[in-house]
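Two complexes follow with chain A in common, the first pairing it with chain B and the second with chain C.
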Partner chain A sequence: MRYYVQRVFQAIITFVGGLFLTYCLYRLMPGGPVQAIVARIVSRRVRQGRPVDAQEIGAQAERMTGINPEHGILEGFYNYVFNIVVYQDFGRSIGFSDPVFDVLFRAMPWSLFISGYGLLLGFTATVLVGTLMAWNEGTKTDSGLTVFVLTMNSIPYYVGAIFMLVIFGFEWGVLPTGGRFPQSAEPGFNAEFMIGVVSHGAMPILSTFILGFAAGSLGMRANTVRIMGSDYLRSAELRGLSTNRILTRYLARNAILPIYTGLVIGISAVFSSSVVTERIFQYPGVGWYMLEALELQDYPLVMGGFVFFAGLTVIAILIADLTYGLIDPRAGDAASRESF
Partner chain B sequence: MAIGQPHQSTTDAETKDTILEVRDARVQFGMSRGQAWVLNDVDLDIYREEILAVVGESGSGKSMFASALLDAVEDPGVLSGNVTYYPEDTGTVSSDEIETFDASGSDSVDVLDLTQSELKRLRWEEISMVFQGAMNSFNPTMKILHHFHETIRAHNAVMEDRMDHVRDLFDSLHLDFDRVMKSYPHELSGGMKQRALIALALVLEPDVLVMDEPTAALDLLMQRSIISMLRNLRDEFGLTIVFITHDLSLVAGLADRIGVMYAFEFIEVGDPTSLLNDAAHPYTRALLRSLPSLTSDLDEMKPIAGSRPDPVNIPTGCSYHPRCPISDDRCEIEDPELVDVDDENEHKAACFYTDQARTELEYTLHDESMEDM
Partner chain C sequence: MTDDDIQSDGGATKEEIFGTGDAVERARTPPAQRLKRMYDIYVRTPLLVGWSDWRTRIGGLGILFYILMGTVGVLIVPSPQINEGPNFLGPFEDFSIITGTDYIGRSVGKQVVHSTPAMLQMALAGIVFAIGLGVLIGLVAGYKGGTIDRALMTVTDVFIVLPGLPLIIVIASIYPPRDPFLVGSILAINAWAGLARQLRSQVLTLREEDYVEAARAMGLGTPTIIMQEIMPKLAPFILISAAGAATAVIVASVALYFLGILPFTSDNWGVMMNFARLRGNAIANPGHAGHWLFLPLLALSGLTFALTLFSQGLDRVFNPQLRARHSKTVTDDEGGEP
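Then we have the complex of A and B:
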């Protein structure tokens, strides 16, 4: 139990620490958000010939960025976190003139949709392809798949994704090249909308999945080969257990252990890479808004995006920490288990 | 060729009843250097309810012999020859629970000629095995209990009956049923794991238990206590035990018969008393002389000169002749067969010059367990 409490506290500290560093950068950047906005307002007023009132402009900048220029970094950070925790107030997006929380919250399900399915397919492929390679160790299937996996692994993601976009989207025109669903469709429980969602999501999902499972499956292959030579597998075969049980309970289960942590932490990598994915496929998710915000110098939105990704990373690592004991009884909670 | 005709020889006024008959068993591996024979024309009868110890140096074919008994030689090894299993007339396993083998009416089973499903029944229900390296014979992510459950389920046996039997086994093996069953393998000591593994091998009440170096990784005390438990198990459950080991002194007090392997075949078989006190084969004598002991002079302990034969290139004639001090031209050409050396007991050796070996090659037994014999 102590272990779990410790892990949760560690995660919270990591998250707050990360947030603080990001916030410092956000504040200290030359030409940072407040200065940028103040400068913009000043120049506009000068152009329009209106009086330049420092106090008023400061207040306006604060409204737009959620930062009071009078406050120091520590005090500002405290206020920023306080607003998030108490009011879920991440400030107001400049570019989309909506609260940051609303913008991100609307985009989040879509990001979760494509990243989640990409991950799910990726994990499954990692395990299946790795096991398949090990099962046929040394045969043509094995070397063929190894070549395929290594090739896929060597193609930079954005190149592969753009290639897919060109082939499926523009050359063959079988899949849409942007958006989350067809414009004509009415969001809801109808066929057009749902098919539209799937076909729009297909390319982002497939690209993450095909280009993503490579390294893991080689690790899976190595583990599986090792376990296939183990005494307990031979003993299980002689005891007459079904092939099915041996494959799942003996082989796959034990082979997944060493790569499990990597897979779970990979969750955060996939979500972060959605910045690139969503940009290439013009898919307005959290990643797409984040990049858009950077270009528009929409600092509150960028900061909100950071919070989102930092949170996901910390949660992924926490999940890996907390669940490892469930899949490998040897890890467990060392202090509370008997050992002889 | 056959050694020990069943129903023929007697040592203690009781007729020997053969349970496993091995004839011309060969295991062959294709290697880049050529064909490797890791079991070379082995003939042996194993009697019902005996404890047969198979002794030999590492790489002498002991484990291959053990695997051959269950037709479990691992790929790419190829096993040929005959292994015949004679089930008991009245099955010890109640027939309503587990299908007995001789349902077809035949009283012998050709082990190497079984279908996959028949083989699955033979293994564990009739002939069971405890592996080398008990430490790794359990799935590390599964509780001990589930190993028993899945085995019982895989053989369609009645769960309650079998688990009751396991409780008896655990009692005989001095294991705490509740605690061991709910543990993961890594939570048990080596000796506990080893005993749990023996119980797992006996869960379906097999008639034969093949143990391949079962005590290799254990300390001396645990080895001794497992040995004494084995004898109790044999008496309690009417088991036939084939015990593979490289440690002659360990099994000296346990076995009813000892078979010595050299170069992938048996070169001497006999009851412990006569085999240990008056070994007939030069190799066995050299082996006994090389045993270290606390009380003997180091000078007396002599290693066997030369090195063990290469499985790809086994010497012609008697495979021991290059290392044998009394070998002559005949040994280089002719392969000696296992023949009786004494008339009154079943002591056999594969050597032309057993009398000469017994007079010329000296050794003294120091180990206490052997002197007790």
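Then we have the complex of A and C:
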């Protein structure tokens, strides 16, 4: 129990630490987000020939960013977090003229859909291929798969994405090249919408899958080969258990343990790479909005996107950490170490 | 020590306290021989060991090829000029410009060659930054333990949690980096954290070893123990991570240049791909400008392939456990077959 409390506590600390670091960056932007917005409002007013009231504009900019320039970084950070926690108020997006929370909240499920499916498929394939390679160790299957995995592993994920886009999207025209679902479809429980979602998501998911798949399978293979020599497996064989049972219950379960940590780091890699993936496929998820916001100098949205990614990564790592205790009961016994 | 000193073993050995007579022997061997021995230990043996694995061999040759391309290749291949040929000349159409040309008639192949130095500089900066910070923090945290460990690991966790590419994008928008070395360092900003964590967990087992305890009992300082006792054991792992860091930096930089997030200063593969996409419409119309997009992509994939192969091979070569395990399962055939 203490382990869980400790982990949750640690996760909160890292999350707040990360937020603080970014908030400092956010405030240190040249000119600062508040000044950028003030300048924009002033120029618009002047163009429209309306009176320029410094105080009113200042208040408006403050409302839009959630930043009071008279506050120091620490006080401002406290206010920023307070607003997020209590009111879910991330400020107002300048480019999309909506509250940041609404923009991100609408985009969030789509990002999770892409990353989650890609990651899940990738991890399953990692385990399967790794075990398969180890089971057939030294045969042609093994070396063939090793070469295949190495190639997949070494080629950057967006190379696959670009090739897919060129071939499936434009040359053959079988898959759509942008958007989340067809314009004509009515969101809801109908065939057109659902097929549209799948076909629009297919390429982003596939390219996330490639990213998540190759990384761990060689490690999985090494673990499995090591475990295959151990005595408890031989005794399981002697007891006449079926190959299937040995593979799933005895071999794969133990071989997964060491690469589980790799999966944890993989989660944050997948989330952060979704910025590139969503941009290439023009898939309006959180990453797409974040890049768009950067180009529009929409600082509240950039910051909001950042909070989203950091939060998601913290939660994912926390879940992985907490479940690690479940799958490996030995975890956490290194707690009492002497310090030099 | 003179012969007049009283020695507990009657002077049978010339060993100094806690030494193995290294200093004495070093004084006896002539410099030429010492040089030869150093060459043997630090150059020849690793090369031979590396050569024995096909992955390291191919990967190493690949890396060497790119380094040559970035240094000698730039001198041999003339720099690309405007109007070398017709605009958007396809590959293999004109054999004097075999790679085809871009939107102002520059040879794509020459551009790829002349972009290599910038890529290598970025990779080098990334390696230095990521490895330096990762090694420092990982080793100190793992060895010292206690409060220092907890504090350093909290910082590391913060950087692991921060999503890498979004963070880089935010930083790059605040301080647009222009120098390739600076770009490389910024891109490596979250690469060190994972390495620090991995190194720490390795040090956690090393620090309990007898020889480290002996060094501690002798009263050696923490920096000495870390540098001389712990670091050499982890050197192969650090080398492998260096290849990994280089790959990460190259992949991230090309992605960001391709999407047009980093300011274009020097020619590099990502900038080429960006231009191919925007000016040549290469993605929607690959028959027209595809070669302009795919050649830098090919060069990039080749480099990351060589680096990955190299690090995978090194892992195998340096990991005696893995090697022993491997040879055991091959010769012994026990439990290997279903």
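Criterion: the second predicted complex is superposed on the first by the 315 of 340 C-alpha atoms of A that agree within 3 Å, B and C clash if a C-alpha of one lies under 4 Å from a C-alpha of the other, contacts with A are read in each partner's own complex, and residues count from 1 in each chain.
What we mean here is this: a residue touches a chain if its C-beta (ideal position, glycine included) is under 8 Å from a C-beta of that chain, and two chains touch if they have at least 3 such contacts.
Note that the structure is a prediction, hence the values are computed from the model and not measured.
Room for both chain B and chain C is found when the two structures are superposed via chain A, with no clash between them.
Of the two partners chain B and chain C, more residues of chain A are touched by C. Looking at the shared chain after the overlay, A:235 reaches chain B, while chain C stays out of its contact range. In the superposition on chain A, A:245 makes contact with chain B only, not with chain C. In the superposition on chain A, A:51 makes contact with neither chain B nor chain C.
Of the two partner chains placed by the overlay, only chain C lies in contact with A:165; chain B stays clear of it. Our angle of interest has its tip at the CA centre of chain A and reaches the CA centres of chain B and chain C; in the overlay it is 70°, to the nearest 10. Look at A:226: by the touch rule set out above, it reaches chain C but stays clear of chain B. Contact with chain B, but none with chain C, is seen for A:254 once the two complexes are overlaid on the shared chain. Of the two partner chains, chain B is the only one touched by A:327; chain C is not.
Residue contacts after overlaying the shared chain place A:272 against chain C, while chain B stays out of touching range.
Of the two partner chains, neither chain B nor chain C is touched by A:188. Between chain B and chain C, the smallest C-alpha to C-alpha distance in the superposed model amounts to 5 Å. With the contact threshold set out at the top, residues 230, 234, 337-340 of chain A are in contact with chain B in one structure and with chain C in the other.
By the touch criterion stated above, chain B contacts chain A in their complex at residues 70, 72, 74, 120-121, 123-124, 129, 131-133, 136-143, 150-151, 154-155, 183-184, 186-189, 192, 200.
By the touch criterion stated above, chain C contacts chain A in their complex at residues 55, 143-149, 154-155, 157-167, 169-171, 173-174, 194, 204, 207, 216, 222, 247, 251, 254-255, 258-259, 261, 283-286, 290, 293, 297, 300-301, 304-305, 307-309, 312, 322, 325-326, 328-330, 334-336, 338. Residue ranges on chain A touching chain C, taken from their complex, read 10, 13-15, 17-18, 21-22, 25-26, 28-30, 135, 137-138, 150-151, 153-159, 162, 165-166, 169-171, 177, 218, 222, 225-226, 228-230, 233-234, 237, 243, 265, 268-269, 271-273, 275-276, 279-280, 287, 290-291, 294, 302, 305-306, 309-310, 313-314, 317, 334, 337-340.
Residues 230-232, 234-236, 238-242, 245, 249-250, 253-254, 257, 327-330, 337-340 of chain A are the ones touching chain B in the complex.
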